[in-house]
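In what comes next, subunit A is part of two complexes: it sits with subunit B in the first one and with subunit C in the second one.
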Partner chain A sequence: MLGQGFAVLLSHWRRHKLQFAMLVLGLALATALWSAVQAINGEARASYARAAAVVGQDRLEQLATPDGARLPQSTYIALRTAGWLVSPVLEGEKRFGGERLRILGVDPVTLPADAAQVNVGAADIGLQRFITPPGVFIMSRETAERLKGIDTPPIRISDALPPGTVLTDIGIAQQVLDAPGQLSRLLLAPKQPAEVRPLAQVAPGLVRRAPAVESDLSRLTDSFHLNLTAFGFLAFAVGLFIVHSAIGLAFEQRRPVIRTLRAVGMPLRALILLMIVELLVLSTVAGLIGVALGYGVASLLLPDVAASLRGLYGAEVPGTLSIRPSVWGLGLAIAVTGTLVSAAARLWRIASMPLLAPARPRAWSLASERALRLQAVGGFVLLVAAWLIAQFGAGLVAGFAALGAMLLGAALILPLALSLLLKLGERLSQGVIAQWFWADTRQQLPGLSLALMALLLALAANAGVGTMVQSFRLTFVGWLDQRLPSELYVTTRSNDESQKVHDWLASRSDAVLPIWNTEVRMFGQPVQVYGIADHATYRQHWPMLEAAPDAWDSIASGQGVLANEQLARRQKLTLGDMIPLDGGHSLPLVGIFSDYGNPKGQVIVGVGLLVKLYPDASRLRYAVRIAHDKAPKLAEDLRGTFGLPDENVVNQATIKAFSLKIFERTFAVTAALNVLTLGVAAIAIFASLLTLSGMRLSQLAPAWAMGLTLKRLAWLEILRSVALASFTMLAAVPVGLGLAWMLLAVINVEAFGWRLPMHVFPMDWLRLFLLAVASAILAALLPALWLARRAPADLVKVFANER
Partner chain B sequence: MLLDLQDVSKSYPTGEGVLQVLRGVSLSLDAGESLALTGESGSGKSTLLHLAGGLDRPDSGAILFEGRDIAGLDDKELAAFRRVRVGLVFQQFNLIPSLDVAANLAFQARLGGRFDAAWMARLTARLGLERLLDRYPEQLSGGQQQRVAIGRALAGRPQLIFADEPTGNLDEATGDAVLELMMSLLPETGAALLMVTHSMRLASRLGRRLHLAAGKLG
Partner chain C sequence: MNVRVLLLLLLMMATPALAQGFAGLGGDAQGFAVPERGVALSFPQDHDAHPAYRIEWWYLTANLKGADGQDYGAQWTLFRSALAPEERPGWQSPQLWMGHAALTAPQRHYSTERVGRGGVGQAGVTLAPFSASIDDWNMTSRAPVSDDALSALSINAAGDGFSYNLNLDAKGPLVLQGDHGYSVKSAQGQASFYYSQPFYEVAGTITVDGKEIAVTGQAWFDHEWSSQPLAKDQTGWDWFSFRFASGEKLMGFRLRDAGDGFTSATWIAADGTSEPQPPGALTVTPLAWSDVKGHRVPVQWKLALPAKGLDVTTVPVNADAWMDTQVSYWEGPVRIAGTHPGQGYVEMTGY
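Up next is the complex of A and B:
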């Protein structure tokens, strides 16, 4: 009997193939976008973990020169002789063909166990082959792919290495990097012998560096990934609207069948169970399709994500995806949960449906009007909650909670708002067709409201995120001009060279401004400390958000400190607060500047103070002021004189272009997710119109019989869809502005530490409006065409007496 | 002669082949005349009525309205014919659910540009609908709905009224009352009535009776 019941239930789908397709498609799309984001995040996180673990940087202390210059191999030998357990590392970049690789040379014999992710003694590599020329290059599969056809030492694959990194023997590395007898740093084994000569005696030129804190990269990128996750979730929510409406309709249509099944003796419990099983199977299948689709989407988006992560955080993420069980598991789980949640109310209604209730079609106007009001009240409560959370909440999670509450609240209010608008349209219109058009549109509202709510979310997200991105771009471009006023930026390779370059430039340019810096831990986080000279360049251009009147004088005389916005926000610093510097020094904060795109905190002091407090600071970079037209020639001379590589002497335009490129790629992902979300919403409308078109005929037939042509009716159907989409777009404007404000003033501040001014771009809104109208037309086109092609015989059936 | 059907045939394609419903039916109707059409269920009464009302086209034969064959009209002209010349009353009432009673009553008349406020007011009063004007169809009883449908059909004073078992969904007392109303209003419009019914009692109250069987009139 169960089997028969199941067959009866399933036969519904055979008769409503399109409905079935919509249900599966909606669920699959929703799951796809969500899974795509998960796959991308998973890939990135795994990559951070690999990067953090390379040669134990995350766990081992290291010895290096203060300025980061290379050290002679003799120092290493001296330390070993003195009993220190150290292991040499040489790191450098080298081009192979078009690929720039990070070469890591290690000594497999002395390498501490903590640092050895790759067992070079393993059979496929072999210690002997590793250390004897031509050696072995160990790298990730992806890197190996990129090197196909390029001449390198023999390659072995290891998944433990991040992309672009090559692990090889130190001797081989010295050859490849053309650095005989040189080392970058020394790894300190965790346990050192008790009786060794102090470091200061054996290797006075070296300093100890703490292990790179494991989570730095992942902490810095966390907010980026959270943003992606939020978008994935939004897309999923929009997709669920399709699922919800498809399931709702299917259950509504199956009421008589269910009643019949119960009447012939099928227990209610068994029926409910059957339907749950049906939903489980359906959602599992759709979920699987969705995750597979998600991988497709992810692999399209990943290159952009990887590029922006590299640009923003210097994080290397592979451009290809690996299949993660967690993504599949999570994708399926969310598909199944979403389906069951969507169906819960329906199942409950069926469970409590009396056996002999008359199968009367639901009265729409009164009941639904009341439901709309109730729903709107719920929406209003959510809006208030959103405002309260935004006002009094703290942290990124609170920010997203406020955002979610606002979006959902607005969506819940939408149907009532539309209903009122349509009523107004009915009141104001004169012609009989116009009046009927508005009234009839209002009648469609209950059936379309879910899809329209989805459209509202998608439009608001597009408008809001678009406003944020454009505001950001405008601010960012202006900020770049302020931040990069100098014509040339030079990076030298050693302190020695730095001095020579400085002297050489001094007589050939208007000013040579040191940009010396070091990284310290301050307030328990990595903070960059920059030293700058006192120069009009800064006084005129620096993007100050807030400053004491004599800020630049204080900096010049070493009496004050500037901090970037993110540090100030994170530590709640205000002007006059004391900033703890090294050597027991504390100086007052005299200014806060904007520093977009920098994940880290930054403070700026006078260059004299930097050198005094941080003698180890890197003194390698300079900004050069010179007449604009003379800059290219100077750059060329500089490269020629000192043999500096191209990338060490860059002009302002190049840096700006580079920064903008990173910017564009960062938001390319957001834009793509936005468009996909809008597409899902359009499909939701299409699905709803399609399902409604079945009942539509009986509502339209009387108007047709009274003397309207089918062609006219079909046009009106399209117009109806356009009207609803347009009104929804109207509603999306304030919601989008609210969203943009939340993103700019709450989420960005929490996630990145900077607040951006909001700019509104009416042309973008207009374009979005046209997009909404276009999707409304597309969604309505097919049902309208079908209507126009209906034969009179189909329509007169509506009036047939037999029922 | 107002309406003249000549040798009209109609068939429907079905799953089991072509179903021949009407096999050469001829009938005529004069202005102000009332005609009852009876026949078994499924004999094609509704089909005949739909053809005469310009809702569908015959396979062959002519349907002359004031001497012009409406079978040859295109969709637009046919719609105009229905809008202006025809009033329809169905068994299921088929009101427009999104419009209130007032709008339903006026719908076709306004669509055809034949709205007359004074006539509308009088019609509303005669039908006893004054206090229901702002209700929606779903809030009305069957008898009330059918009165609205009759008002809608008569509001534009068309020359032809087609009623397809107008009392079929009503109990006998209500049905009689509704029919009484319709019959009493007809002379005021001068319209001809073609009414389908399978009640001989009701058919006997109309001027002429025709019986449809095996696709032919007897």
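Up next is the complex of A and C:
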């Protein structure tokens, strides 16, 4: 009995293959996008975790200088001979060929077990080879691929290391980084002897640092991943609209079957159970397809994401995807749960349906105007909530909550708005056919409203994100011009060479401006400190958002500090606030400048003050002013004279092009997700139209009987679809603008620390409008074709059957 | 003797040689210097490290009596293990160092270890003045320049739950083991250079779980270096350093293999005159076994050396004297009964 009942239920899908396909496709697509985003985030987070776990930084306390400067090796020996169980680490960056590597030197002998992810004693490495020059570079497979053909010490592979990181012996690292006798920090073994001399006596210059539970990297990139996650959810929500409508339809159509099954004695409980089993099977199959699709999507997107993260944050993420069962399992679970939630209301209705209820397969119980109004009121409440959250909330999560409330609110209002628009159309139109067209469209509205809401979400997201990206680009390009006024940027390789290059350039250029810098911890976060010279280049071009009138004089005389926008926002700094520098120095903030694309806080002081406060600051970079046409020749001479590699002498145009490339890649992912979301929405409309077309015969037959040809009716169907899509697009524009405003003024500020001016790009909307119309036509095409080819007998039957 | 533990930081080397003998000590000499018979040891130079040899240790064991009336034992060892037969500057040094320190109380045995690399000042041996150290553990000469550097020492070490500071004064001469310091370790001829200072009187303090206790007693020092002290089929050893009430002393060991093993002994008269005994003259027999930290170890022994009328049995101060270090073994103080009562130390590896 159960088996037969199941077969009967399933037979519905055999007769409605397309509906079945839509259901599976909708669910699969939603799952795919969601799990793709999760997979990408998972890959990135795993990579950050690997980076954080390297040499046990996430588990071990460390000793370091307060400002992060290097410490002498003698301090390490002093601590050991005082009984402290510490192990030295030297960290630094070094280019091999064109590849920038993070060199991590450790002492495998004293390294605490918690910090040893790589067994240096393994047969293919060996302690002797590891510590004896040229040493061994241990790195991930991917990093090794990038270094093919480049001259490095012998390479060994370990999956425990994040991309771009090299583990080597402390002695080898000191050689490679040209830092003899220097260490970056000391790892404290978890268990220290009871009797040791106090730290303050042995190494007064060092401070204990707690294990980095959350790495700077994962904190910085959080916002990026939250952005992706939000997109994933949006796609999934749109996908669920499809599932909800497809399931609803199928349940309605099966009312007669259900009545019959119950009439022949199948218990209600068994019936419900069968339907749940059916849903589970369906959603599992669709979920599996979605997960597989998601893997493909993620693989395609990951290289772009990896490039963005490297460009934006210097975060190394592998470009290839590893299979994470948790991500895919969760994707499947979400698909199944989403389906069951979508179907819950329908199941409940069947459970409470009288045994012999009239088996009317009405597509949708026609929602009354009152219901639409109620829904719209809910929508307004959500919009108000969105406004309140945006006004009074704080943090990225609040930002996204406001965003979600606004989108959902707008979607809920849409059916009423469309209904009113259609009424208006009806009133303005003349002629019977036109009036019937509007009235019939309005009558169809409840059936299409879910799909249209999905379309609204997709269109608004597209318009909003597009506006945000374009505004960003416009601002960014202008800002690059201000920020990079010098013709050449030179990076020397040693302090000695730096001095020589400076002297050489001084007589051959208009100005040589040092860009010296160091990184310190300020306000509990890593902050870059730059020293710049007093020069018209800065006074005229620097992209100040806010500045005291004599800001540049204060900088020149070492009496003031500039901070970038993100630091100022994060710490709520205003002009005149004191900025704590090293050596007990505090100086007033005299200006705030925009610094797009930089994840870190930055302050600028006069170069003289930098050298005084931070004698160890890197003094390797210069900006060179020279007549534009002479720059290439000077660059050539400079490279020739000092044997500098190409990448160490860069002209302005190259840096700009590079920055823009990073920018483009960053938003390539956004664009791809945007298009995919729109695709899902188009499928939602197609699915709804398709299923409606089957039961609209009873409404079309009278019009046909009164003389409208099937061909004409089919055209009208397409026109109807276009009209609805157009109206939805009209509604999407203000929603999209609201979204863009939220992204620029709330989300970006929270996520990146900068606020961008909003620019409007009507041509982009036009393109989006055409896209919406095109997808509406495409969606309506097949049902319209079917209608046009319908046998007249089918239409006549409508009048014969009592329905 | 000892083929004491040699342990080595070999764990870190973790070469396939680990499969051979205890702690890789059965490997080939591979370019390292090999001890030769007839080479005279000279002091103070031979107190120093011998980087051309693969392994070396400075080993001190002390039987102590506390002011609280209890028996205690203290061990202080610095091992050197070379990856290559040379010394190089700074971090490039192929010399690895390992320290083991233990304090045995009747109720509990404390042990701990330290590791470090040569070349950077964390660990090593210097001659003028003599000092062997790793981290904050030191064995330092207190002797006047005119005397042998080892005639007066101070040692200190600290670990989880214990520490000690001991002053040692030698009441007799250095003793060369084997054939003038050339100590044979197997029938195939594996050997080491080996000398001892078994005549120390000790005074100092130990700290056990925060409680400081004054102690006095006797100690025994060994310095041994070699490059392949074990034959390939030897799996471990049992080593004994006994001080008898008569003033006489015995150093003996058995290297275990699939067969009867290889025993060797040196009889030391009360004036320090040493009489090497022929291989096999000493017989050692386990009397009682005990499970210690998952290892089945003989904790009571019967030793017989008929040529000297010796027939004694041993009882440990604490049977749980397991060195819970990366290379682990049993090492602890024992009381001796029989024809020659006294006290001493026993070391057992490879169980």
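As a convention for this text, the second predicted complex is superposed on the first by the 633 of 803 C-alpha atoms of A that agree within 3 Å, B and C clash if a C-alpha of one lies under 4 Å from a C-alpha of the other, contacts with A are read in each partner's own complex, and residues count from 1 in each chain.
Everything that follows uses one rule, which is that a residue touches a chain if its C-beta (ideal position, glycine included) is under 8 Å from a C-beta of that chain, and two chains touch if they have at least 3 such contacts.
These numbers were taken from a predicted model, which means no experiment stands behind them.
K.L.:
Touching A:A194, do we find subunit B (first), subunit C (second), both, or neither?
P.N.:
Second partner only.
K.L.:
Where does A:M706 make contact in the superposed view: on subunit B (first), on subunit C (second), on both, or on neither?
P.N.:
In the superposed model, A:M706 contacts subunit B only, not subunit C.
K.L.:
For A:Q443, using the defined touch cut-off, is the partner it touches subunit B, subunit C, both, or neither? Pick first, second, both or neither.
P.N.:
first
K.L.:
Look at A:F799 in the shared chain and tell me whether it touches subunit B only, subunit C only, both, or neither; answer first, second, both or neither.
P.N.:
First partner only.
K.L.:
Look at A:D107 in the shared chain and tell me whether it touches subunit B only, subunit C only, both, or neither; answer first, second, both or neither.
P.N.:
second
K.L.:
After lining up the shared chain so the two structures overlap, which partner does A:Q435 touch, if you call subunit B first and subunit C second: first, second, both or neither?
P.N.:
Touch partner of A:Q435: subunit B, not subunit C.
K.L.:
Identify the partner contact of A:R80: answer first if only subunit B is touched, second if only subunit C is, both if each is, neither if none is.
P.N.:
The answer is second: A:R80 touches subunit C but not subunit B.
K.L.:
From the superposed pair, tell me which subunit A residues show up as contacts to subunit B and also as contacts to subunit C.
P.N.:
none
K.L.:
Going by the contact rule set out above, which residues of subunit B touch subunit A in the complex?
P.N.:
Touch list, subunit B to subunit A: 12, 41, 46, 50, 53, 55-57, 75-76, 79-84, 88, 90-92, 94-99, 103, 106-108, 110-112, 136, 138-139, 152, 164-165, 168.
K.L.:
Across the complex, what residues on subunit A touch subunit B?
P.N.:
Against subunit B, subunit A makes touches at 363-366, 432-433, 435-436, 439-440, 442-443, 699, 701-712, 792-793, 795-796, 798-803.
K.L.:
Considering the complex alone, what residue numbers of subunit C touch subunit A?
P.N.:
Per the stated touch rule, the residues are 9, 11-16, 83-84, 88, 90-92, 94, 96, 115-117, 120-122, 133, 135-136, 158-161, 163, 210.
K.L.:
Spell out the part of subunit A that touches subunit C in their complex, as residue ranges.
P.N.:
Residue positions touching the partner: 73, 76-77, 80-83, 85, 107-110, 119-123, 126-128, 131-133, 169-172, 174, 180, 191, 193-196.
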